[in-house]
Amino acid sequence: MKSKTEYLTIETRRTREYHDITDDVAAVVDNAKINEGMVLVSAMHITSGVWINDHEEGLIDDIDVWLESLAPHRDDYRHHQTGETNADAHLKSLLVGHQVIVPITAGRLDLGPWQRVYYAEFDGQRKKRIIIKAMGE
Amino acid sequence: MKSKTEYLTIETRRTREYHDITDDVAAVVDNAKINEGMVLVSAMHITSGVWINDHEEGLIDDIDVWLESLAPHRDDYRHHQTGETNADAHLKSLLVGHQVIVPITAGRLDLGPWQRVYYAEFDGQRKKRIIIKAMGE
Amino acid sequence: MKSKTEYLTIETRRTREYHDITDDVAAVVDNAKINEGMVLVSAMHITSGVWINDHEEGLIDDIDVWLESLAPHRDDYRHHQTGETNADAHLKSLLVGHQVIVPITAGRLDLGPWQRVYYAEFDGQRKKRIIIKAMGE
């Protein structure tokens, strides 16, 4: 069994931002020389999401509006009694999840035609890390 | 390490439909002759879900109504400016997730007594693929 | 490839309850003597969740209130025609997911500074099991 681990660092300009990181994940798999296996893509923060979906700017806007409607920024979360102001970012992270597994087949990411790996920042403007860990043979 | 990859194709008659695919996943694991490991079950589309939950028709109806309430079909999504009409299907996919991992122990799917693997179609009436990839020894 | 499987049993006093099980997961990885790999943490029930997020009591309260607002307990779910009363627990499970993968690097859980593994009980007061399965080398 082979494994390869890399860490991707992202610092966004805005509080909420959405980045297509598919090419970064593919590069780790290329470097790992893994033919059959899986690669885990997992945010190392509790106010971030990782998902697989479409790369289409209108849809990204729809997702952003939708997440804010289901897990809105508000002042009165109990978490804010600690001095934090980002409880909504935790809820958004729980809603979409913070990790995906991409299958590796014949040395490549085995994704469907429209599938792209996204990093979703819900509490940005500081450095965040994503672990990309490939395993297989 | 052994691995085995199969692709399941589903074409639904309706736009939204829910299929218990546990037996298909178990068949892949049987063929793979893997004793200890994991099997990834992942939709290759961005308008589909995969989850593990109950096989009970009333609950499936509840889930369908609930998903429509939280991620409703509407005309005015920005994604629809591309000509698409299925933004709600993307949101539903993000809500429930598009993949699960089933542990394999002693050569079998190591599921709890009521756990069943479901494929959820949110934009059907055309062919969709699911990758089932087992890894282990 | 090595693998190690353990089952954690939790019986909560209340219907809904949230447990930090990070130390239990770390103990399995220690016992497995796996240096590089992944550990799957997966509820074996369809009315439970597993997530990675913050260990902060105010936030846990916020999550509990939020889940009840998005997937409320109600009498009139169709699932309840079977005699069950816990359809909301199934929906909550679908919303947050029932499993996570934790990467293992250099023999340890490779988590970010605030990441903790939680078991979320949505239909408790009876014994529930969580499978913790580590794979790697």
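We just call them A, B and C in the order they show up, numbering each chain from 1.
Assume a contact is a pair of C-beta atoms (placed from the backbone, for glycine too) under 8 Å apart; a residue touches a chain by one contact, two chains touch by 3 or more.
Only a predicted model underlies this, so the values are computations on that prediction, with no experimental measurement involved.
Enquirer: Draw the chains as points, connect those that touch, then say whether the picture is a line, ring, star, complete or other.
Expert: Here the contact pattern is complete, since every chain touches every other one.
Enquirer: Considering chain B as a copy of chain C, what rotation angle in degrees (nearest 5) results from a C-alpha superposition of the former onto the latter?
Expert: About 120 degrees of rotation relates the two copies.
Enquirer: Quick one: report the Å distance separating chain A from chain B, using the average Cα coordinate of each chain.
Expert: Centre separation, chain A to chain B: 20 Å.
Enquirer: By the touch rule stated above, which residues of chain B touch at least two different other chains?
Expert: Where chain B meets two or more other chains at a single residue, that happens at 1, 70, 95, 97, 101, 135.
Enquirer: Mind listing the chain C positions that touch chain A in their complex?
Expert: It is residues 1, 36-38, 51-54, 56, 58-59, 61-63, 66, 70, 95-97, 100-101, 103, 105, 110-112, 114-115, 135-137 of chain C that touch chain A.
Enquirer: Tell me, which parts of chain B touch chain A in their complex?
Expert: 1, 3, 5, 40, 42-46, 70-71, 77-82, 87, 90-91, 93-95, 97-99, 101, 129, 131, 133, 135
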